[in-house]
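Each of the next two complexes has chain A plus one more chain, namely chain B in the first and chain C in the second.
Our next item is the complex of A and B:
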């Protein structure tokens, strides 16, 4: 392939580096995106993908010596406003929206940034944000405050915001992590249209199928170092996973029968108005029970009832033979349940607290010594144990959670709950935003925990995930359990067909 | 209509409560709903409301200020000395001196907060003590009586004498208050600077990534607070006709209470002018009503305390662990 002339590149990075204290987040990275290209940036959690985006958009200043070119022009010490003026916009991994502002204000906010005084025209704001949303094929209440929306809709708002300014280069940092299948399809459709119109898109996602589907080329980064640039044509998920992690990740069905194990949890005819109806199932000690179905099938609502976050209308639950009716999440935890929620940003973590404090927050009582104080040694031991077990990539346990990459935050949520040593663990979409290598790591731990006798309910909308990691699969649709499958008797395509039918 | 009112949920509730209190007082205390009482209520609230709108801006930007009332005293004292030294001055010079001195004190807070990354409550408690200590040291606690005539002259923007020969009047301070309220409304609601203040208070990291200049936002928020403190100081002298160094000490908590009652969120990103006005009126009317009913002034403090607890515990439910429903779509 002959090298394209400079102006055909939307973005060129040459030997760009960035360190945070001891962590070298980017190490002499080269990166190129052609105009109109859909280019995927792939790598494990904490490899520096979000940092690269922040360096290009002026949120972080890179170290000297590197070179950044936007649309053929070298840029030095760019600010976020200048980046936007040059036609760069970003869908941030953590959305970076404003929870108390309305949907319209969030979408149109960037126009107001700057110190030159200008008056705010709300009507225009509402019109323009409405237009962008209709381009996305979504109708939404423009006056609703953002924090009244479920996370999937907030993601849509962030997408709309990035499309507002007719950008020529759009970074999308895990835009599909919390979208439903149909929303994802629509977004990918828009990405294709934008690309056809000459807009360059840098797409970050841990859903490798999606990556291979949408991108023309993929740049792989490992530990802040460039691994290489590859065309997606002829690339397989397994190969991409191998490039990202450095070793091959294999999947196989691991289901087994547990005829003698005790039933840990049992639900009989559980219903809740408008959410799910007549749900009955049981989980045995040592069993991983997969629960899948489309988003909106009532899975998360069911988990919330099990955790005492809301009551069931009718039906009964039993825990280790005894009647179980949690009045609050505290009851549920006391009885030995743990819940890794899908919405880690608002429910899972205290962003400003340290990694260590977040890990031990739910087991403070256990770490308290006879003097009533927390034992630093036990705390450090617990924290180090889980960081090692889960392979969390951190600088120091005392750093704030907010300095971790998105996927590593998810691992800390898991660590926090595993530290409570529960008897029934509910994992609700535990791998959203987690890279392939770490997914394998998480499921290795899940398997070990199951073998030690823990009962696990694994909720996921990725069919491969329940297929390769559970002993039994429940398929839920429209609030009802449709069918139970044995992973050994069915294939991934068959199961997908039944779910998406 | 529902759409228009939705962002004002807290304000609406407060307005209803306030209306009920007014009706109750009008029945229980015949003097309450008279023109002389209502105008004096307004005159007495002017300084508080000027402070309150300044504090509102700081709260929206995610900060808090404890030092503003004492800053007003400092401004009064220095302005009095300066004005006397330039031969008396006039209203224009008064606004200029007091305004710029106030802004300077506000910017000092902003600089300490931003430059040294110290949280605002710590900084303003420190400057509160420093301002007050320095003021008492240099003034020796002595009042200033011989102020320029223009400053202590009574100026009315409204006068009315009823059949019994009782006057109802609105003072200049009320006009200044109205000006401050409108200016603050324009700043936070109508200008892009104000919207960036909201954004900064709501999600500082998100605002930074969008390119909002954080240092300038701190400066605008605390500078505006300082400007309002300076103007409030100027007006307060016009009302009491002397400069008393420790006269305003302790007023800050009452104003903070009023602004929080009006729905401004400690932690930033939320608060309206309307709520701010209602909060200040709530505090003023409660105090006035209890006075008229002959209830002990300590009861007032208890009621304000209780009102804050009720208002905050019922309005910030979104901070608690409420599971969100997922959209049922597929």
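Our next item is the complex of A and C:
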């Protein structure tokens, strides 16, 4: 691998500013990454992280008077191509790979698109990409189209592509957002390997536990301003969250007993071939039941059966004492179930449609008058009510939902389902892509709903999430319920140990 | 001129901007043609435009709804032909030119039924089989054409009762009957799409079918229904065609197929589904009609009019892309 560079710093930014229109995206920010260091860049959505990366890689030009130094050399007016030539690579969350091309072609892509016309030497290309992968300690079918690979392996391909360009400074934007725990662990191993070989890594992630695990130092940015640079040694998640948001994030167990509450939903011996088996549990009115376990444990599949998206093979479900056997998601909604999907981008919301339409999509019948027409007045009133109630920050209800931040989008999803007046709300990984401050806001809403008597099933693979927001925790593994925990009787490390054991 | 251009380039910024931009274009064209030909703004010319446009208009509305739902209906013209044949066949059974009004009403009912069936069949395959709407409607188009040509041996059926002329050529208080029919249907189409739960579902399904299903909409039924309604509109167009030409032949109006797509896109319909309104499409139709009649009046060849339509759509695409607006800003010194 590339020898450790003689320079002490891979990157130094001094008083760099950038404004878009009237918005100061970066305000006199200093940022330093040592050679071979794993450095975390932390901050909420819109705090200026992406702008900072884009300034370093030449996508945006910083304003006058700022100083950028790459590997000890001052750079002025760098272009994206020059940045790459100097050894800077960015792996964006969407990876920017070519789905129909092979692994080898993706890794060697930048060599293939040289300006001089030349025939592609496939053998050499395959050899060189294989070599890069073996440096990462990974074996992969080099001829396989990227499409066929799981997201975790595509991530590795993107890293290999950066190494192929002799990258010495790699920015990784939310690399673990769609990975399972074991995939994340493997990725973090690769990051450590790169760091040991002298490649500096700047890691951007919402998952604070990960940040503290992998990085040596963390730079916190808030509203375009530098908050500070801190060693991760001795730093806690709560403290880091506080630095990012500017206010204290409470983390305490809120579990309570509900002996007198009615059972809203009950599953008995529910099974579905290849997905889960013999699942039995109940949820009471006003209860938040946490459901955790590794991805692939059968949690989402269970939620799908509850919502009528697919049938159970055996077992029975009861809703408020009556037999419940939904034939479609419409049946489930009619009976009072609501489902916040884990995939907000493609299933939870219609990204191109307006905030208003996304809010009322599930209650059209209620808004339709005797004439068969949707009442515009009732529609506007419903939308305004929920936007106010949940504190969604919007410009106009007619704006496309995609203009909102992840946290505000998720609030609209909640609004949509709450408008159906559900009895049981299923939240499937409700904080994916939602930043720390907004997460707290969403869980405040969840707690209020529970106190008003709504039964809530909270599915999450983040142990802290179920720990601090549930009344009871179900642990699911390999399609079976392993154990039920009371959050008051267990600690986060103990629970993590049982799940990841 | 820059003001007009920048207004026109804002066509995409919203429902009102869209209408205003198209109306500005329409105004400009009317002005140009009335300066170029004294006969343009006469009752005779406006009347003939009023008779010509509704047919294309009905077929365009039949194309519009499937596009909004994220698909396409390439079978519109041949569905109209087959429905026209159904009407013609019924009338022939009852004595051709001598047939009574009852036969006509029965024929229309059968034609509407055939249109609805053809549409629903397409919708069902699109929704439940998951086949691509282009392929499904292409297959239906070829099937209907083959079937029609087989039944008519490639010839035409003519000789309808005189009262059918009223539908195709009559006027009510000076307004062409086809135009009145088209106006009513366009209004109904607008209300259906913008104000009813079914219309709402069409937009949502067109935007993201799976997400619409997850929100509890019956996206599959929505698709079947919208293709069925598209087929019903084709049937009405087929009946109108029979009344206007006093004959039915498979292949009548074939050239209109792609023009309907053009009119939809000119009217700002999102080619990928989920966005678009009826009103701008109607303005776009009027623009196309003005272009064609105007060019005809100043003595241009009819084929040239088709070429101008094509150029016009390209120009609108360029105007709609934000780039032109930026260019205008640069040249008018607004940009630093």
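Heads up, the rule we're going with is that the second predicted complex is superposed on the first by the 287 of 501 C-alpha atoms of A that agree within 3 Å, B and C clash if a C-alpha of one lies under 4 Å from a C-alpha of the other, contacts with A are read in each partner's own complex, and residues count from 1 in each chain.
Quick note on the criterion: a contact is a pair of C-beta atoms (placed from the backbone, for glycine too) under 8 Å apart; a residue touches a chain by one contact, two chains touch by 3 or more.
This structure is a prediction, so every number in the text was calculated from the model and none was measured.
Student: Under the stated touch criterion, which partner chain does A:295 make contact with: chain B (first), chain C (second), both, or neither?
Tutor: Only chain B is touched by A:295; chain C is not.
Student: Would you check which partner chain A:84 touches, where first means chain B only, second means chain C only, and both and neither mean what they say?
Tutor: A:84 sits against chain B, while chain C stays out of touch.
Student: Considering only the touch criterion stated at the top, classify A:339 as touching first (chain B), second (chain C), both, or neither.
Tutor: After superposing on A, A:339 lies in contact with chain C but is clear of chain B.
Student: Now for A:330: first (chain B), second (chain C), both, or neither, which partner does it touch?
Tutor: Second partner only.
Student: Go through the superposed model and pick first if A:352 touches only chain B, second if only chain C, both, or neither.
Tutor: second
Student: So in the superposed three-chain picture, is A:322 touching just chain B, just chain C, both, or none of them (first/second/both/neither)?
Tutor: A:322 contacts neither chain B nor chain C.
Student: Taking the superposition as given, does A:109 touch the first partner, chain B, the second, chain C, both, or neither?
Tutor: A:109: touches chain B, not chain C.
Student: Looking at chain A, does chain C or chain B touch more of its residues?
Tutor: Ranking chain B and chain C by residues of chain A touched puts B first.
Student: State whether A:365 touches chain B only (first), chain C only (second), both chains, or neither.
Tutor: second
Student: Is A:416 touching the first partner chain B, the second partner chain C, both, or neither of them?
Tutor: In the superposition, A:416 touches chain C alone.
Student: Name the residues of chain A shared by its contacts with chain B and its contacts with chain C.
Tutor: Touching chain B and chain C on chain A: residues 329, 346-347.
Student: Which stretch or stretches of chain A touch chain C in the complex?
Tutor: 329-330, 333, 339, 341, 346-353, 357, 361-362, 364-365, 368, 372-374, 416, 420
Student: Which bits of chain B are touching chain A when the two form their complex?
Tutor: Going by the criterion above, the answer is residues 3, 6-7, 189-196, 198-199, 202-203, 205-213, 216, 265, 269-270, 318, 321, 323-330.
Student: Can you list the chain A residues touching chain B in their complex?
Tutor: Residues 54, 57-59, 79-81, 84, 90, 92, 95-102, 105, 109-110, 112-115, 117-120, 143-145, 147, 150-153, 180-182, 294-298, 300-301, 304, 309-310, 329, 343, 346-347, 402.
Student: Give the list of chain C residues in touch with chain A in this complex.
Tutor: Touching chain A from chain C are residues 191, 195-197, 200-201, 203-204, 207-208, 210-218, 274-275.
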